[in-house]
Every structure is written in C-alpha cells, then in structure tokens.
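Structures incoming, each one as structure tokens.
Next, two complexes with chain A in common: one pairs it with chain B, the other with chain C.
Take a look at the complex of A and B:
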C-alpha cells in the first residue's frame, strides 16, 4: 500500500503495516493474494499451465523436441535453475537440426506477461495477434506457466 | 551495391516506429504494438501519478 495509507492505518490501531515499495502491480505479479471486487476476476496466472515443458540452454533440440512431443506440447520454455525465462521454442524452432544447441535455436528474450493480467484483455490481444500461447512470468522473470488461448476461451465461457 | 530498405512497423497505439510487434513478435503484424503501449493496455504498468485509495 501507499505510504500515506500505511501511516493512516497505524493511526487506526493496526500494528503490522508495511509500505510495499515496489507497488501493487509487483505484489500481484508475484501471485500474492488481493482483496476487493477485481480480485474475483479470473487472471492469466490462474489458468496458465504450470506443466509446460522447460529445458536448459545446453540441451539439444532433438532431445527437447522429443520430450515436448511426448507431453503433447508444441512449445517449450527455456529457463535456468531458478526458472528465469531465457527463451522460447515453438514448432518452428523445435523442428530445427536435432543436434543444434537450444541456446542457438531458441527465440531469445520472448515477450512475457504478468499473472494479474485479466483473461478478457489477454484473449483480446491473443485473438488479434493470432497468438496460441503466451508465457506468464513474475516481474523478476520467473516462469509461472504458459497461457493457452484455448484455455482462456474455455475459462471465459465457464465464467459467463 | 544496394542495401535492402528495412521496413519498420508502426505502433497502433502511439504511431512510433518499432522493429517488431511486442505482443506477438511477428514482423508484418497488422496490429503491431510497442512495449510501452502493450504494457499500458494490459495494465502491466500504471501511468503515474494514478488514482488509488491510498
């Protein structure tokens, strides 16, 4: 909360009051709980697939591609040990020379989106841009999951 | 020798020239949008100062 709100709460008798310096968006981007009317709306982080296949920079395209196929995915997120997103492989990149290193085959520095973005807004963009999936990360780049357009459509139908 | 002219996209939000659409990262995107505008439209950043309850 803002510093002024924190000070005001202290005058009202609250004890554990903190000024979250990085702001509300950063709080929500970390997947932390919120309250209020908007907190009930479904968001990207709620339905992003946590089981999206991941791989490291030094793996080979052939191995990663086979693993993704076995799990029924046509996208793989390239991460480090801390699950920080370095790159993305879609069908095109997964079809590269199987001996190629992931580091050379991946699309580096992909656009990522925060978990608190509303499904309605994400769907609007994904349809306009013909994007089937989008990686969802915290604001410090840690992978939350992969948002799939078909899941967004299903979730919005269920909610309406 | 001639060098091919680089075709730049224009952001649909602010009209600034961009290399590639920030949302889908595809060249030739008909709805190309820049980093600043996509973050604003998805409310990933809030314009400052903004109104809130604090």
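Take a look at the complex of A and C:
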C-alpha cells in the first residue's frame, strides 16, 4: 500500500517522498512507542522481565546454573554479545552435567515474541502451548526480556 | 522516484522535519500509529494530499509492511 501512496504523491507534485518499507510492523516490533487507543494498554514488552539471566554459548552448565539460582531464576537465555537469542535453558537443562557446554545443553532456536503483542494474545498462546515463560525479542532477534505467565495473569487482573 | 528507507532513516528524517503519513484505513490508524503521524488513507490521497501536506517538506509514507 505505501509504495502506491509514495508513487502517487510524486505524481501529485511532492518532490521529496520516502517509503518506510518495513512499516508499522517493524516499528512496533522494535518496541518503539506508538500513539492511539492501544498505546496505553500493557503489552508483552512492557512486563517482560529485563533482569532474566543470560549466558554465552561457551560457558559451562554448572557456572550458569549457580548464577541463575543465586538470582532466583529457573530459566536462562543464551545470547551473544549483541544479545541475539540462540537458546534457552530451563530447569531440566540447568540440571545437566555441570561440565557440559551451554551450546550442547541448551534448547536451540526457541520461539520468540515481539514486544507489541497484547497480553491477552500472549496468555492465550502460552496456555495453549503450556509455556510458563517466553522470551521477548525485537524484530532483529535481540533479547528484550522474559515474559512469565504469572506476570501476564497478574497484569491482566490489575487492568480489569 | 520514491526512496525506500528503514527505521533509523525514518527517525532521522522525522527529527529533521519530515512529515510522517500513515496510509492505512481509520481503525488501524486509531489503534496504533507512529508518534506524530498524519492520517491520510490511500483512497483519500488524491482528494486531500495537497491540502494536508506541505510540499516543501519531505514526506514519509508507511503502512504495515511491504504489502
């Protein structure tokens, strides 16, 4: 739609026309602010926990597990230096051989969700797929935080 | 020929005074639009663009994505 609009504006005499080709989807997926009736409703990115522990591929399970426990978490997100998500570790993976490399122990390629998804939509998906938590990332794969089902339920109760 | 641009260029151009225009229908604009965006649906461009937009300033149009 926007390419047609851009071309039409040129023919209407506008000389300096740009087409934001990735559009609103890209903007919202990056977690950038919007205006409108939905703007004040909490979304996945708003309540995702930013303090979720992270680790690198070459760390050892024992070290990461100890760190997660000390922070009160039973989940860890595997990222690189750019915070691109590579994998997840839940209780089962964190209980693996402590000498094992994270790269070999993690659940690779987890499903991730964008920050603008509504809490209602997230809860529906999490219940259907039996997910206690889900990583929230920007459209280019960078970790925003971890969304916990209990936080979604609490936020929805508070909003109603 | 309109230039295709991406997010960071949008932010820079808007900061420099470009007009941001959402060309989607009303309900979609009302629910969520980029900060400061003008609403000018595609079907109303012919009738309203010259009145609503400043021809001396850059114009950035957008919809949901590349569709």
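Going forward, the second predicted complex is superposed on the first by the 141 of 160 C-alpha atoms of A that agree within 3 Å, B and C clash if a C-alpha of one lies under 4 Å from a C-alpha of the other, contacts with A are read in each partner's own complex, and residues count from 1 in each chain.
The working rule: a residue touches a chain if its C-beta (ideal position, glycine included) is under 8 Å from a C-beta of that chain, and two chains touch if they have at least 3 such contacts.
Every value quoted in this text rests on a predicted model; they were computed, and no experiment measured them.
Undergrad: Please work out whether A:51 is in contact with chain B alone, chain C alone, both, or neither, and reply first, second, both or neither.
TA: In the superposed model, A:51 contacts neither chain B nor chain C.
Undergrad: Just to be sure I read the superposition right, which of the two partners does A:4 touch: chain B = first, chain C = second, or both, or neither?
TA: both
Undergrad: By residue count, is chain A touched more by chain B or by chain C?
TA: Counting contacted residues of chain A, the larger count belongs to C.
Undergrad: Going by the contact rule set out at the top, does A:111 touch chain B (first), chain C (second), both, or neither?
TA: After superposition on chain A, A:111 lies in contact with chain B alone.
Undergrad: Between chain B and chain C, whom does A:97 touch in the aligned arrangement: first, second, both, or neither?
TA: Touch status of A:97: no partner.
Undergrad: Is A:14 touching anything from chain B or chain C once the two structures are fitted on A? First, second, both or neither.
TA: The second partner, chain C, only.
Undergrad: Name the contact category of A:26: first (chain B only), second (chain C only), both, or neither.
TA: Touch partner of A:26: chain C, not chain B.
Undergrad: So, does A:63 touch the first partner chain B, the second partner chain C, both, or neither?
TA: So A:63 meets neither chain B nor chain C here.
Undergrad: So, does A:121 touch the first partner chain B, the second partner chain C, both, or neither?
TA: Touch status of A:121: first partner only.
Undergrad: Overlap the chain B and chain C contact sets on chain A and report the shared residues.
TA: After superposing on chain A, chain A residues 1-5, 23-25 contact both chain B and chain C.
Undergrad: Can you name the residues of chain C that touch chain A in the complex?
TA: It is residues 1-7, 9-10, 13, 18, 21-24, 29-37, 40, 42, 45-46, 49-50, 53, 55, 57-67 of chain C that touch chain A.
Undergrad: What residues of chain A sit close enough to touch chain C in their complex?
TA: Touch list, chain A to chain C: 1-10, 12-28, 30, 32-39, 116.
Undergrad: Over in the complex, which chain A residues touch chain B? Could you list them?
TA: 1-5, 23-25, 29, 107, 110-111, 113-114, 117-118, 121-122, 125, 128-131
Undergrad: For a test of understanding, state which residues of chain B touch chain A in their complex under the given definition.
TA: 21-26, 29, 31, 38, 41-46, 52-54
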